[in-house]
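Think of it as A, B, C, D and E in the order they're written, each chain with its own count starting at 1.
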Amino acid sequence: MITIKGLTKKFDDLEVLKGIDLEVEKGKVVVVIGPSGSGKTTLLRCINILETPTSGSITISNSQLDFSKTVPKKRISAFRSLTGMVFQSYNLFPHKTALENVMEGPVIVKKESSANASRKAEQLLSKVGLGDKLHYYPFQLSGGQQQRVGIARALAMEPKVMLFDEPTSALDPELVGDVLKAMKDLASEGMTMVVVSHEMRFAREAADEVIFMDRGIIIERGAPEQIFSTPKEERTQQFLQMIQ
Amino acid sequence: MITIKGLTKKFDDLEVLKGIDLEVEKGKVVVVIGPSGSGKTTLLRCINILETPTSGSITISNSQLDFSKTVPKKRISAFRSLTGMVFQSYNLFPHKTALENVMEGPVIVKKESSANASRKAEQLLSKVGLGDKLHYYPFQLSGGQQQRVGIARALAMEPKVMLFDEPTSALDPELVGDVLKAMKDLASEGMTMVVVSHEMRFAREAADEVIFMDRGIIIERGAPEQIFSTPKEERTQQFLQMIQ
Amino acid sequence: GTNESQPNNEQESNTEDNNAAEKASENDLLAKVKDEGELLIGTEGTYPPFTFHNDKGELTGFDVEIAKEVADRLGVEPVFMETQWDAMFAGLDAKRFDMIANQVGIRPDRQEKYDFSDPYITSAAVLIARTDNDNVNGFEDIKGLQSAQSLTSNYADLARSYEAEIVGVEGFNQAIELLNSKRVDVTINDKLSFLDFKKQKPDAPVEIVATHEDAAKSGLMFRKGSESLVEEVNNALQEMIEDGTYANISENWFGENVLE
Amino acid sequence: MKTVLMQISLKIGLVKMYLNSIFTNPERLERLTNIAESSLLPLLKGAIFYTIPLTLISFALGLTLAILTALARLSGIKPLEIIARIYVSAIRGTPLLVQLFIIFYGLPTVGITIDPFPSAVIGFSLNVGAYASEIIRAAIQSIPKGQWEAGYSIGMNYQQALKRIILPQASRVSIPPLSNTFISLVKDTSLASMILVTEMFRKAQEIAATNYEFLLLYTQAALIYWVICFILSIVQGRIERRLDRYVSK
Amino acid sequence: MKTVLMQISLKIGLVKMYLNSIFTNPERLERLTNIAESSLLPLLKGAIFYTIPLTLISFALGLTLAILTALARLSGIKPLEIIARIYVSAIRGTPLLVQLFIIFYGLPTVGITIDPFPSAVIGFSLNVGAYASEIIRAAIQSIPKGQWEAGYSIGMNYQQALKRIILPQASRVSIPPLSNTFISLVKDTSLASMILVTEMFRKAQEIAATNYEFLLLYTQAALIYWVICFILSIVQGRIERRLDRYVSK
């Protein structure tokens, strides 16, 4: 589903991604871990083209973008619609209700009829357990509820791949569960997912593969049990000790 | 060291603290846990008198404030100086360097000489491992470093009791360790501490007692092992399941 | 008690004292002027050749010299204070000035609120149009045309009497500016001001089309109740006319005697 | 200290005397009330037919211009940025009166003659455009980058994100400073009198020119301005509350 | 469409002709340069002796008043709040010109006579005080409550927290809008000519009155204002950068 080859990203002189190669098969869930500043967020943002990579290529489904050439804006838009992004800080639209947040993409970008979009948005919000909060504004929702609206908003665009950037790290401990449940449900429905998260429970229960990144490269990858219990690389060991 | 009796706090009609009785002996470390909205922050803020309790009394060392009467402003200032507060969001003064943040209280409130205060501030910052960051502004420091400046700032006023409100919950996982270490050092030096935190490691290693709060009352209290492994109350069990 | 009422009494008596002083000066402005040795004179300072600043930046002009001479004869120092037209009236009301020397036309509506000296100048009203405008040859032709006039001037009434459409302006300068920019067709204005303007800008494409036989008289203007001062000023003016000083000043600015 | 107090009590005494003299001098009082009464209608007409339309039209056009200028400043396209900067600097750096003079009396000398009312609209719009563009720029910049990115991530392009996500939020932030500009504009329209627009202040001057009660007429005009501004600030409050509905208090 | 284009090209033609006529008519050109040269010094004198001191003094006093007013608004003490509100509303709601008139020509009728320059300072200070108080109030409110609490928690009282913690941070937020007010003030000082202060704009009027080159003189004055405002905006930039040193870019 996703194939990334030789992806690099520089901010001025700072090389944040130093040649990432990654493949994710359709329906698989990949969890990315690594210390702060290692480039996890930048990797996700490059896949969503919120940052333009410096070089390398990304293929999703059958669309390929090659960043050694300049890519036209039109193609970026089309490519972006293949992925849905869920942000650490939710980034809901504060001036729109939960329902309006989810409808916004279908109505404005896909030009769906308002009635259609509303019906679909309702279904999606019910699915993430918010069927009774349709007309609440973000400020009236808890962090966990906001994050689930964020997931529904991304899903409404029917992406092929969902990207999550530390979706639960801003949440109170007892609100984390609901969001993880919504993500697990999604995984079990066969969605392809790339998740940056340090939630061990989620990685253990839902991930097909765990990737450890440090300083812009992928150090190690493997099944969750393997990485967590018998990591091969020393840096992975050190890191896991720190956070456990 | 601290004796709290029948402490209640209402916001308009909402009773957030419903009669808290609590004693903390000199040199002991108490960790407070409980679901979001249970009143943990409000309790700390009442001890620091950032909120004026509705009724009840608080005694620290030999000073007592009785909130059934109105308390004069002068006494609040004096009483507040018995406690030092460390905030979840650090609340450092962004326009002052680490050193200046720590010096501010001694110089402005205690009228200490600038030279004296600077020497002491340097010592405190070295103690929390920031001897080499004296002249950094908060924005130039990581979250963990900022929080340690916050601890030094509170210590500079030589309080009898230190209050911590989720001091590590805004931190990246690998930055948590340094802050917890600074707190453990403080505990081992015999500081009396009240800590709101869900960091099990800290509670296990440093707490003399764990208190579980829910909906404005103390449900259960006991040694850390007892609370974490064999909680008596059903609500405590449920909560511990959620966050573990 | 008694202690509290003490300052109260003091205040009242004080107010009364001042009350009396105030009344005295009100009733006898002349005494006040002589007392302080200063005559406060309001003027625009932007209305050549009557009141304006010369190359060196000094305030001068026909009205200014007349006022200076008057002050001399009263034995006091003239102090000129410059401001805009509307502020000039407000300033007189507010006792910021004792007198206004600014070519103020003597008119019944003004006399309702203010006192005037005897007239010290008579000026003809002229009809001014652009040189390229052949349709205007006399006052009769301005019916229905747009005429730029100061609303407070006698010329506005004159323009109205010939059924011109009035466009209100701040003063002479603005009227000429509007005429130049073809925003109005004509203006009826003071002959002497226009001559001065032509002297400055000889190639300006505007000219006098006709001169009106009715002439307007201007006087120095005072607050109501300044009788004693007005009387003294009138005396001074009369003296100036009799001993030839007036004629001198007039010749100097206009090359002729402009009294009548 | 004592002399200061005495002086103050003296002044208070004088104020009393003055007010007494007006209210016990029936002729003066009657004259003033008569003038005030008879001038109210012309002043209101000036406000309704000129001051208010001039304000509304200029503000609407100015706001459009301001948004375009703000976007030009933020576009990252150097020539656009520079043009926007020069425009804002020139307008903010020179007195409005001079701008009006140049438009009305200056342009005709180069062959462009514009009527008074449109001249005023042009002058005021350019002015509002410059001041408000800085406000709008700041407001747009105050919206977290994450909002743009959330818009992009659901497939929006620049225009869509701007229109649907950013401007609605920026408008909330910019209402208080914009209403400052609006209120200033209401009063600045009095300068239109200098280019022959017979708005309210001009009416006051005209009336005072016949009865010489400048202070009275100006005060009366000031009160009407105040009423207009007061109504505006109520409207401002309403709009703010409406836009605040999605923010916890 | 075509006729519009033709008209535009016609206008451009006329502008060219006019400029040509100036630059090919050596007499006219010389006259203008002469006037411009000889009037520069008086204008600069007006700026240096009146415009600039008036601006600086009024701004300093106004700012003090603004801080007090903002604190009154935020004090939670009802009577203080109401007084502050009325003051701000009355000043912002009425034209500056009228305020100056009332101070200079109105107060004497009740026995209080103030000289021109101090009158102007009072008028402008009251004005700056009202406008800037809203800016400062907003800036103070924009500082997170946690900053007050951090101050209190290390034992500060209200005054100490305000002075050491809140105002220094609020000043950063309020520099751009305050410099708006400052720049407006520079130009508003031209109104002081109405109350006998011979500031720069008055000088321009005086000079133009004798040579009838209003457009030239006003443009010249406008350029000097622009230079002053330009210098101010550079200073503003410096201060902003200084205060921004503790914020990541």
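Brief remarks follow.
What we mean here is this: a residue touches a chain if its C-beta (ideal position, glycine included) is under 8 Å from a C-beta of that chain, and two chains touch if they have at least 3 such contacts.
Computed from a prediction, not measured in an experiment: that's the story for all the values here.
Path length between chain C and chain E in the chain contact graph, taken as the least number of steps between touching chains: 1.
If you take chain A and chain D together, no chain is in touch with both.
Chain grouping by touching, computed with chain B excluded: one piece, all remaining chains connected. Comparing the centres of all chains, each the average of its CA atoms, the largest separation from chain A belongs to C. When you average the Cα atoms of each chain and compare centres, the chain farthest from chain B turns out to be C. Centre-to-centre, using mean CA coordinates, chain A is 35 Å away from chain B. Separating the CA-averaged centres of chain A and chain E is a span of 51 Å.
Distance between chain A and chain C, defined via averaged C-alpha coordinates, is recorded as 82 Å. The distance from the centre of chain D to the centre of chain E, each centre being the mean of the chain's C-alpha atoms, comes to 15 Å. Chain E has residues 101, 105-106, 109, 214 in contact with two or more other chains.
For chain C, the set of residues that touch two or more other chains comprises 87, 90, 93-94, 177.
Each chain pair that touches appears in this list: A-B, A-D, B-E, C-D, C-E, D-E. Those residues of chain D that touch chain E in the complex are listed here as 11, 14-15, 17-19, 89-90, 92-99, 101-102, 105-106, 109-112, 131, 134, 138, 176-177, 180, 183-184, 187, 190, 201, 214-215, 218-219, 221-223, 225-226, 228-230, 233.
Partner chain D is touched in their complex by these residues of chain C: 7, 10-12, 14-15, 18-19, 22, 86-87, 89-90, 93-94, 109-110, 113-114, 151-152, 167-170, 177-178, 180-183.
If you check the complex, the residues on chain E that touch chain B are 144, 146-147, 149-150, 152-157, 160, 164-165, 168-169, 172, 243, 245-248.
Interface residues of chain B facing chain E in the complex, by the touch rule stated above, are 48, 50, 73, 77, 80-81, 83-85, 87, 89, 91-96, 104-105, 108-110, 137-140, 153-154, 156-157. Taken together, the chain A residues at the contact with chain B in this complex read 35-36, 142, 172-175, 177, 198, 239, 242-243.
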